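Same chain, two partners: chain A is paired with chain B first, then with chain C.
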Partner chain A sequence: MKNMKDFSLLNNDLVPQHILMPENEVNKVLKEHYLDKEQLPKIKITDPVTLEIGAEVGDVVKIIRKSPTAGEAVIFRLVIE
Partner chain B sequence: MAVSQKTIDEMIVNLPLPQNLVDALKNDLQKVKVTKKQLEDIIERSLESYEYARIEPCEAAGVVSAQSIGEPGTQMTMRTFHYAGVAEINVTLGLPRLIEIVDARKNPSTPMMTIYLTEEFAKDRDLARKLAWDIEATHVSHVGSLSTDLTEMVLIIELNEKAISQRGLTSEGVADKLEDELGVPVLANGNILSIRPENESYRELLQLSKNVENIIIKGVKAINRVVISKDDILDEYVLYTEGSALKQTLVFDGVDTTRTNTNNINEVFEVFGIEAARNSIIKEATDTLREQGLTVDVRHIMLVSDIMTVDGEVKAIGRHGISGEKASVLARAAFEVTVNHLLDAGLRGDVDELRGVTENVIVGQPIKLGTGHIKLMTTKKT
Partner chain C sequence: MIGTVPKRIKEIRFGLISPKEYRKMSVTRVITADTYDDDGFPIEMGLMDPKMGVIDPGLRCKTCGGRAGECPGHFGHVELIAPVVHVGFAKLIRKILRATCKDCSALLLDSTQKKEYLEQIRMLRTIGQPIEDITNEVFKEARKPKTCQYCSAQQLDIKVEKPSTYVEKDGTHEHKLMPSDIRARFEKITDDDIEVMGMDPSVARPEWTIMTVLPVPPVTMRPSITLESGQRSEDDLTHKLVDIIRINQRFQENREAGAPQLIIEDLWELLQYHVTTFIDNAVSGVPPARHRSGRPLKTLSQRLKGKEGRFRGSLSGKRVNFSARTVISPDPNLSISEVGVPLTMAMELSIPVNVTKRNIEEVREYIKRGPDNHPGANYVIRDDNRRLKVTDKNCEELAETLEIGWKVDRQLKNGDVILFNRQPSLHRMSIMAHEVKVLPHKTFRLNPAVCPPYNADFDGDEMNMHVLQTEEARAEAKMLIHVQENILSPRFGGPIIGGIHDHISGMYMLTKGENRLDKNDFLEMLRKSRISQIIEPEGTQDGKPYWTGKQVFSQILPDGLNMTYKALLCENCATCKKEDCNRDAYVTIRDGQLLSGTIDEKAVGAFKGLILDRIVKDYTPPVALQFIDDMTRLAIRSIMHFGFSFGINDEDIPEEASAQISELLEDAEARVMDLIIAFNEGNLEPLPGRTVAETLELRIMQELGKARDSTGDIAGNYLGLDNAAVIMAVSGARGSMLNLTQMAGCVGQQAVRGERIRRGYAGRTLSNFNHGDLGAGAHGFVKSSYKKGLSPTEYFFHAIGGREGLVDTAVRTSQSGYLQRRLVNALQDLEVQYDGTVRDTRGMVVQFKYGEDGVDPMKSDYSKPQTIRRIIEDVTGKEVE
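Now for the complex of A and B:
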């Protein structure tokens, strides 16, 4: 028996790469897409992945998905309560 | 003169194209020799074709998706139970399964897991079999027979020697476990266990016998059956389970945490997060449709799963989910439970901004789709 902490859930095939974004990069992306932070898709602070990468409410997480159509797709999620 | 591989890479790596188009371009350009002029031409034409293939702005993508999934849905079998492939595990398929997925049910009617094993376990049938016994929930009825002796007021469990050793148990171990769970002393005499109720009454004896039947001696509670099967393509043993408990299963030694999967989307969400849930919805919906011989473009399914997961949790399509959260009163009223929505909106004094399609159809205005979304203005030269 191993502990839930002995392995990283980030390695599961279903979980794409999540990257915590620094503030200046977030602003650049938002400007590029003419978006407000609140218009981004959300991710919960209680989500196992946000807990794992140590994001806080208000942070933006960059997600690099493996897409069957585009090969790679980058999306952003705002961390919420 | 042909250009070098390096210049090709430099020129195409930053093009505004999806990754796999860039890769395809790169691969194809490796095979032929092109001049700088030709390369520029190729790039220009690729960009043009890509632009042409993209969906138009203001296109009703959601409606197209809804119809593209809905129409093949009419050809699906309404009620079907099927034994999935080699594993002989009963799973819901066809329309009921698809409905289950888009309704984001907390518990699917036939949860199942596919447990992949780590290298050492995957090649060794005995280790895999042992792990299967460890995971499967073992009840008293699996390892012995239960009888009540009414004259002596005692509950007798006759353990089957072969069954308990097969599951890596001992009669003392079983007795200890039962004692812990029941809180009354359990006497072990070889393979015969006898349990006396606290007070000598028929009712307590019967209650005790019922309790004993429900006790799980070993394994994970939700998992009723584990089937071991050899995957010929991967050349390794894979466990299929009836019932699903991802979190409790991942902690077993020998379980490959990177590949193990369940068909319970809500469980995937709880254990692996929202992005994994999104991937799981796409996978389950595509598999369900494909199993019925229907091909739906994955983009439509991706759109549905995007909408279902946009708020950071898995939401159902329909009255209790996406459609019930529309900003417009008229749009919600047009969908289901019309009177309730209109009445509530009236009581609250809601205002409808008439921004969406449905609202504008109701009031007879041009809808904001396609050309209807564009407003042209002229500036007068003064």
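Now for the complex of A and C:
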């Protein structure tokens, strides 16, 4: 490996897709489920994936992962300290 | 009603209560041991002071103004003349005494050491870890110095006598430490030292373990009872408090009178005894305080501890009214949604009925019948809330005076909805709603088809019944937990209620092949089912019409049912002959008619029944319930018609078969010998990844296993498909071909941890074998069958193998039980919301869609995506691969 920057966690098959969500999309999701941000599942800012996608505390990450029951499942997580 | 805002508990902190706080929370000082005056009124500053709450109806609490029942009660206090040790802290007091200086009360550790421990404790506290390990080390280390590091005072040994007497030993001289001395020492301990000992000085100072003030529990938690003779009988706690206050007074009088030290010490010890037994009347080394009758008193600890204590007996588990428990027994003539209730129970249990314009005549009838004439009434509650017992003397009169607006406790009768339960209630089907059927005798009766969800059998099992008391409860039970709503299990998405044992054998015998039944038999079979017309016969034989077993079964199938599947007894032939299968294993149902195939466990059994599954999912619960009722009744009729029995001679096989089996086993043993010889000569080729010895073991096990299975095939062939045990095994009713193999063929290899038996003597399993014998017989191969009987060595090996089986079922059940408990505790408050999300009680999202796909497992096809395929098949009428 020439450069560590060429390495991306997200290229690994076992790491599901993590997408940083824009504010308006987050609001849409929260409204849809009648949720406060704090009621979302959490992900730590120190998590390698949140670091990689450049999320900040208070952001919401959309995770699309394979599911044995549904084929593909979408989960939203709030980034915390 | 006043609405209250729910509050959330942020944290719970435990500490000690200081004397100051005891006084602050007290509403009165108690100075006299008397309770009531001559007029029967509670004495002020006595043990029943109305400031501490009231128990007599009519009186009001002098603190909060509440009546009996409204006032929660308030604490009082007693000023102890001399301090006493709190027994609960006897060990802690000992530890602290030994860890601190007798003169300056410093914790006997170097300041650097203290700093280190303090840091460690604070660190563990912030990350929420237990600090016991550190504090134990602190006490261990601080015990060691012989002189104080701070004031150089010589430290003395501290001996403990009984539970709470501390004696300091100076050479041969012994000096008893009075609680006041101990308290004085503890008062001098610095806050920093306390923290190093693992306590929080702001909420728990060591000297608070020595009591100077005794809290007096509210009157409401020690109510006195008025006996029928008019005499008052006080609670055990009150008795104990009387003792304490009397001794306290005597102590004070003696001290003021300047009594000799010896008397003072005696009284002090007596006070200590009473306070100790007030807190815990079962301390070792202290004789328990007794009632006049000789019964030990139930004091504070005894109220909390043990199975009947407050925690396990009153908070985690409570007894309930309107419930009944007895032994269960089977009754296949009941519907699966019914339960047979003994008449004596039905007459004791009741349902409250509000008397209205519409039901007054009906209710009047119950009352007229009285309490001894089922279905009658037990109580009448008038509109002024007076409860009148119905007797056979006053029932006529009560029935006449009955008015609208009254309530009547009517006896349980047929059709009432009740809850039925069997412990351990591991899943939701352990409690289901049934309809009452009042029957004679003393047991609960239930249809054997509902045994699987309760996991019940009739070897002495007992079950509980709860009678619902409100219309709401009954409506809810009927709609949510009625038996018919629970035929499908949410665990695997298939029916959990269905045919068992004889139901399967009966259906199998009825539908296998072409059973010809004449008109009488045809009608007899369907007698218990609700069939109203005779269908066209299949054909005529000897000039008489006949019907087939398949036709009989078709009568109870709902119209429009279409199914095609392979039955349990299908042999999975390379090319399926479908309708022409020689075992009649290819089931086809068209428009509710069974055209081919045999009905077995895979059709109507609990857990596996595909036809059942289809009916529940495609029709309505009542249709499914009716089908199960009809099916079980038909099966019982059928098994009675054909006759079914199994005895020891059903395991008999002919001479030639025995000879074949012996020969087969001898061949196998010879092959094992060949393997052993090859092994000894070093000619055995090891399997990949195995040593030669391991390979030998595997090959031997393989060889013998094959031989055992072949004996089963031989035995099975000779027994034939008409043998009752074979019928039960292939239809799935009970037992397996392996059981049959072991009974008629050969029991086979006994194993411990999946290997041949090797334990026992050095180099051999039993002393009658040669050292190093690797043969089949020397390592637990049982050649005999159960029918033939086992040889002594075989019997011994069988016992070894059997024991392992028993041990690991015992271990497995306890382990899986505990795992289940932990899972239930962790998940019990999660709830699927209307928007499909799974949330906890705080509304935090656990899953955005239940199970990620939002599918109700109960309504899925055994959790497999079958629906689409079935719809295509239904629409096109063609099979989809």
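The rule is short, and it goes like this: the second predicted complex is superposed on the first by the 75 of 81 C-alpha atoms of A that agree within 3 Å, B and C clash if a C-alpha of one lies under 4 Å from a C-alpha of the other, contacts with A are read in each partner's own complex, and residues count from 1 in each chain.
Everything that follows uses one rule, which is that a contact is a pair of C-beta atoms (placed from the backbone, for glycine too) under 8 Å apart; a residue touches a chain by one contact, two chains touch by 3 or more.
Note that the coordinates shown come from a computational prediction; the quantities given were computed from them, not determined experimentally.
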Which superposed partner A:9 touches (first chain B, second chain C, both, neither): first
More chain A residues in contact - chain B or chain C: B
Contacts of A:69 with chain B and chain C, given as first, second, both or neither: both
Touched partner set for A:35, first chain B, second chain C, both or neither: second
Footprint overlap on chain A, where chain B in one structure and chain C in the other make contact: 41, 67, 69-71, 73
Footprint of chain A on chain C - complex, ascending: 835, 837, 839, 842-846, 848-849, 851-855
Partner chain A, residues of chain B touching it in the complex: 18-23, 247, 250-253, 257-261, 268, 270-276, 279-280, 298-299, 302, 306, 309-313
Footprint of chain B on chain A - complex, ascending: 1-4, 7, 9, 11-16, 18, 41-44, 47-50, 63, 65, 67-73, 77, 80
Complex interface listing, chain A residues touching chain C: 33-36, 38-41, 67, 69-71, 73-76
